[in-house]
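Structures incoming, each one as structure tokens.
First subunit A sits with subunit B, and in the next complex the same chain sits with subunit C.
Right after this comes the complex of A and B.
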């Protein structure tokens, strides 16, 4: 086994600092961080400057949409600024990538609301850390008739869904939840027991 | 009764086994060898395959052996060909791997890993479970493979900490009921979430239940009541079977009671079957002041205990070592009977050198009980002489040495 990459020992301080910052990124260990740092040094200066500018550009221009809370460069975001087919329905998701996933389906014609996380005290996430208050604000006028809660079917997703549902119910807005069960195109024979049980629970009339 | 049998076991990078194929006999297999050669590891691998976790506490990631250090992603693989009582054959496979932190399934440079005193470090442990090559969502093979294990930790069960006893009965319940396995995982996570929510509330100086706290508790109560109900029914069966086995081992009828000591009022008022959800909710309510001050959950199935009582005497406290061990072995036999009743197939019995401290008479009685025809038994021993000659003549004899299994 080779030893751990040396930190600091004989290495330029600015390089150490870059390595440390890079290793804080998700999925990057100390060794990968060091590889990236050395790549940055060897790459043409112009390329690196572009990367740095792109990073700065992101934090300066990207913000949260004041309506749906999705990440955007303009406020309100393009989706909220344009008229949509169905104003009366909001789909609540955990994170921006979930909006992309639902958009890809082409099956949803309403608006979105991004919570930016799920309730999980063990990860330090309590209701105040989520964009729930902003969602309730959006339901004040009578435009919205239905809220679809599209959080993941994990334990935290379920509890978050129940929490949001509990706040919305008194407002007289219909609350629905995404169906759970067999993925289409799959084979019943090969589905695991939990999935089959869920699909049976969620069965529907023809 | 028909029995589950393992016809082939393959281990890769599992503890001190780099690569090993092994075919246990249909009946009795004796694995002899000095300590530290891998006898326990072999039995442990079957226990993990059946239950999804090790019988030793908190050692799941340690099973990835040193031989895995040079793999792009260090992993450990346990695979077994299993035949059920009705002749149905299945291939079960469990792969545990250390994925680099943050990103699942992406290889890291080998040099990024370090080896600590307890094995490979770094990365998160992932488990992938397959039946007949098809990926399953959870590592619990209800009905495919079932085992009971009696080893040094198990024979000290009643003298040891309550957590060991809970783990012992949980391992039996989750091998016979997929719902129990699922709810147990949820329940443990819910306790962690509630404790974190309590800690958060304490930091903010709040002593009132917030709406999100109420929701965590509501889920906790639902899952916890299910575990309680399951355990109570199971203990009833275990109690009867344990008494029968104990009588057989000691040669005299005695008074032996297995008691489930709950932190929740499970007796109910007036003898009617109590509403366990309500009981658990009441218990949480009663403990609220203490729980919110200490930011822990002090009541519920994760704090319950199992005691064995003879007459009025708690054997775990006042019994002799011999009495405790005989009782623990009787419980293992009872667990095996329970699994047999639930699945319709007897489990594989794993005896990890449990006989060395029993006298010759009890040793023979225990073995005779385990060695009913049709049942698969794997016995490890440091001293072959402890196994009666009559048993050895029917058994397949192997020697375990330094992570290799050879015919003796």
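Right after this comes the complex of A and C.
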């Protein structure tokens, strides 16, 4: 950042610091960071204070649920603390936002487990970097009968699913994978071969 | 399009096509991806695919790692952008098995590590394609990976010297039992040279030397004709991994995960 001339020329040090911090955020380049920083200066002081407090509030109160590893303010999280409709089923997802996506469907009544990442063979992400051990621990008692692996239908998602499946299968728990097929409202013509093949494999009685 | 140039001129000057194998991908922004493609025409390319992670993306599904696809690319300011893609070979069988898939990714990583962007390498492209086809056709994944490693080493100019001492050209065939292999000199050492070579030298069994010779002689076919037991395969893998580590100066990422998976399943 300091190499950029517009950052140096007499700009207040605190402003430079804010710009640098903002540019660390995903999707925020140096230009956007600078624009945001100047917006903060112009915005009402109260508004900015609220933003700062919200940021502090997040790091002070949000933690990981010791059971499902999702982000939460209370441990265990509300979902793990209260009885759910179906205790016997755990849905394994990559990240907290995937829980939100599945909840939005309203079609799942069990519990979740968040891995916080996917195995990525070419980036050196190994099982120790994920919350896989915690998942296996949850399967030790006999309440869980099925684990749904809901990782992305990408190479990393598949690799993770295969790895987790290999660990769970010996425990005698049923392992299922989300169906892969055609997205609703899409055009068959543009579907790739793997998707079409999977859609055919997973066809159902009409 | 804001430049005011007629669309036809724009299209002619900025679009190109390629026969590509997707080596790896990385997420970019909200729903985009950056791909590393290995193409027959232009060598290795880094390109972006807009919206590749959205469920209704017309491109994403055609461009998963280890897919061979026909792509149309538009020149962009920083990265070129894929505008059309059609998967040609998806290697469905290779992908369906965990270890096979990992070995396929291992081959892709090797190609990625040994190549520079925008240097056409048709020979290596054909080699990778053939290896993926064999992997998909049910060839034993680990011995195929070893054969591929030897071929890539030879292609890159690091073919191990196995018929004489890599240091003094003396005959090494007479010696029995273990034999010294130097990563630094890229081959076997006679006993007197071995005693003078301190770093990056290891002892390998004669059987491993024979396996290496067979793989060098027969190319990818060597993988199928070798009757290797688990111990000698492990020995060969360890040697090649160590040699590659010396040449590349970094360990291979795919090797780390292969080890974990094997440890978990044993």
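We adopt the following convention: the second predicted complex is superposed on the first by the 183 of 206 C-alpha atoms of A that agree within 3 Å, B and C clash if a C-alpha of one lies under 4 Å from a C-alpha of the other, contacts with A are read in each partner's own complex, and residues count from 1 in each chain.
The rule we apply is simple: a contact is a pair of C-beta atoms (placed from the backbone, for glycine too) under 8 Å apart; a residue touches a chain by one contact, two chains touch by 3 or more.
The structure displayed is predicted, hence computed values, not measured ones.
Engineer: Where does A:159 make contact in the superposed view: on subunit B (first), on subunit C (second), on both, or on neither?
Structural biologist: In the superposed model, A:159 contacts both subunit B and subunit C.
Engineer: For A:127, select first, second, both or neither according to whether it touches subunit B, subunit C, the two together, or no partner.
Structural biologist: A:127 contacts both subunit B and subunit C.
Engineer: According to the stated criteria, A:186 is in contact with first (subunit B), second (subunit C), both, or neither; which is it?
Structural biologist: Only subunit C is touched by A:186; subunit B is not.
Engineer: Name the contact category of A:64: first (subunit B only), second (subunit C only), both, or neither.
Structural biologist: After superposition on chain A, A:64 lies in contact with neither partner.
Engineer: Which of the two partners, first being subunit B and second being subunit C, lies in contact with A:29: first, second, both, or neither?
Structural biologist: First partner only.
Engineer: Look at A:108 in the shared chain and tell me whether it touches subunit B only, subunit C only, both, or neither; answer first, second, both or neither.
Structural biologist: Neither partner.
Engineer: On subunit A, what residues does subunit B touch that subunit C touches as well?
Structural biologist: Residues 26-27, 119, 121-122, 124, 126-127, 155, 158-159, 162-163, 166-167, 190, 192-195 of subunit A touch both subunit B and subunit C.
Engineer: Quick check on the complex: what are the subunit A residues that touch subunit B?
Structural biologist: Residues 1-2, 4, 26-32, 119-122, 124, 126-127, 155-156, 158-159, 162-163, 166-167, 190, 192-195.
Engineer: Can you name the residues of subunit C that touch subunit A in the complex?
Structural biologist: Where subunit C meets subunit A, its residues are 24-26, 29-30, 53, 55-56, 58, 60-62, 64-67, 87, 90, 92, 95, 98, 101-102, 105-106, 108-109, 112, 253-254, 256-258, 260-261, 264-265.
Engineer: Spell out the part of subunit B that touches subunit A in their complex, as residue ranges.
Structural biologist: 69, 100-103, 106, 108-109, 111-115, 122, 134, 136-138, 142, 178, 182, 186, 189-190, 192-197, 199-200, 210-212, 215-216, 219
Engineer: Of all residues in subunit A, which touch subunit C in the complex?
Structural biologist: Residues in contact with subunit C: 26-27, 119, 121-128, 152, 154-155, 158-159, 162-163, 166-167, 183, 185-186, 190-195, 197.
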